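Take this structure first; my questions come after.
Order as written gives the chain letters A, B, C and D; numbering starts at 1 within each chain.
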Amino acid sequence: MNITLKQAQAVIEKALAKSKEIDTKMNITVVDTGANQVAFARMDGAWLGSADISLKKAKTACFFGMPTGEIGKLSQPGQPLFNIEHSNGGLISFPGGLPIKDGSGQVIGAVGVSGSSVENDHAVAKAGTEAI
Amino acid sequence: MNITLKQAQAVIEKALAKSKEIDTKMNITVVDTGANQVAFARMDGAWLGSADISLKKAKTACFFGMPTGEIGKLSQPGQPLFNIEHSNGGLISFPGGLPIKDGSGQVIGAVGVSGSSVENDHAVAKAGTEAI
Amino acid sequence: MNITLKQAQAVIEKALAKSKEIDTKMNITVVDTGANQVAFARMDGAWLGSADISLKKAKTACFFGMPTGEIGKLSQPGQPLFNIEHSNGGLISFPGGLPIKDGSGQVIGAVGVSGSSVENDHAVAKAGTEAI
Amino acid sequence: MNITLKQAQAVIEKALAKSKEIDTKMNITVVDTGANQVAFARMDGAWLGSADISLKKAKTACFFGMPTGEIGKLSQPGQPLFNIEHSNGGLISFPGGLPIKDGSGQVIGAVGVSGSSVENDHAVAKAGTEAI
């Protein structure tokens, strides 16, 4: 099962609402299980460089079916996946990307958020996933 | 003046409505005056390859402030801009990309649509611009 | 439904058999519905440059759900999709790429073949699809 | 001497068997001495992002004629090859990539495996090389 546009737009709207609530300006990307973009929104005044980061976070979470921050723990110097970020045209391995699961726990896509601290990025991504 | 997210989402909604009206499945991208993506939607079942084409159409229309189809007339063999498509990481020069203008006629962004015939792509893009 | 590895390997084996039958040396790629590679084989002595062409043919056939040669008719100078090949990191629009359908007619992936004349490439791709 | 398709497919089959034996889902790439892909297989449900990693591991092992993990020891901060991963379009320098040698000890290609822990990736790659 792949995420639908309707579901992806619901994720974006939830994430936008959370972003406004905590007074941040975010880029939000939703991808399907093939890591292909389904929906995107850049808030007015959001960092321009964060658009690509939000896409790469969504793709990274999709590629490995886990939160981007988990990858980042393993990619530090001396850790098992050091410099994994060089794969797949560039991964982003700090928090802000999360798999999106349906009611049965199956991954149907992923969301990536970038534009503030990694804590805020993660919080907005999490809010987005709760739309499903 | 740059297009706002609210305006970009209105363009997408109008384009989605037109796309449903004429029974097509489209990818729709809105970029700002910097040719950077502001909003995107891929309809369920739309051609996967049309996502990038819709982005490139929006960028192309923004880069030169004119409908993509106008570029295409000039890029044919023997014409002044032959193979201009090689620039800017790849242009798309057939119809479906249009500048978006505000009430005063100033360009504030562009929309790119892909997923059906170039006539349908253009019609959906045009419907989108009418949201502003 | 996405093509399985077992199905993809069956496509490759059928294509290899056809390729030997007509005395050619081919590169054969199978992708899933997300245009991601599932299986690949390069025959001994096959043109090295045809490996990427076989991948791009498989992706192109997947991106638009049609034989690559159909795209090529529309992308000629003066035709509606002139220079569409600049999208998606490079399309290949001559014959040799075909969608793969299951028993119900649904697209489950695509195959791309390159290494000989386009007629031979197409014939080998077609043989491959008949494995499903 | 370059690895043949028959040998590459034998490497893949051995690696697939080992992967099933230890209950993992792998991406497996075999390249020749020119670091060009000869054969590839992605197991059903394997991480999508591991496909490119398996290719980059195979290329990295081929580029330098040694196990990828050996490169990784030298590419850490303060070590002689720090960030060598930026070369060649992206290297992967953690375990899972191995040169493939013929009976006389000559390198004839390389295998790259990705989809589980680096220990499992390495074990599956090693099983693959034992097919020759």
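Annotations for the structure displayed:
Everything that follows uses one rule, which is that a residue touches a chain if its C-beta (ideal position, glycine included) is under 8 Å from a C-beta of that chain, and two chains touch if they have at least 3 such contacts.
Please read these numbers as outputs of a predicted model, since none were measured by experiment.
Taking the options B-C, A-C or C-D in turn, the interface that duplicates A-D in more than half of its contact pairs by residue number is B-C. With each centre defined as the average position of its C-alpha atoms, the distance from chain A to chain C rounds to 32 Å.
Centroids built from CA atoms put chain D at 42 Å from chain B.
Distance between chain centres (mean CA atoms), chain A to chain B: 25 Å. Multi-chain contact residues of chain B (touching two or more other chains): 48.
Under the stated contact rule, the graph of chain-to-chain touches falls outside the line, ring, star and complete shapes.
Those residues of chain B that touch chain C in the shared complex are 47-50, 52-53, 56, 72, 75-77, 83, 85-86, 90-94, 117-118.
Taken together, the chain C residues at the contact with chain D in this complex read 4-5, 8-9, 34, 36-44, 48, 51.
The touching residues of chain A, when paired with chain D in their complex, are 33-35, 59-60, 62-65, 77-78, 80-84, 86-89, 91. Residues of chain C that touch chain A in their complex: 32-36.
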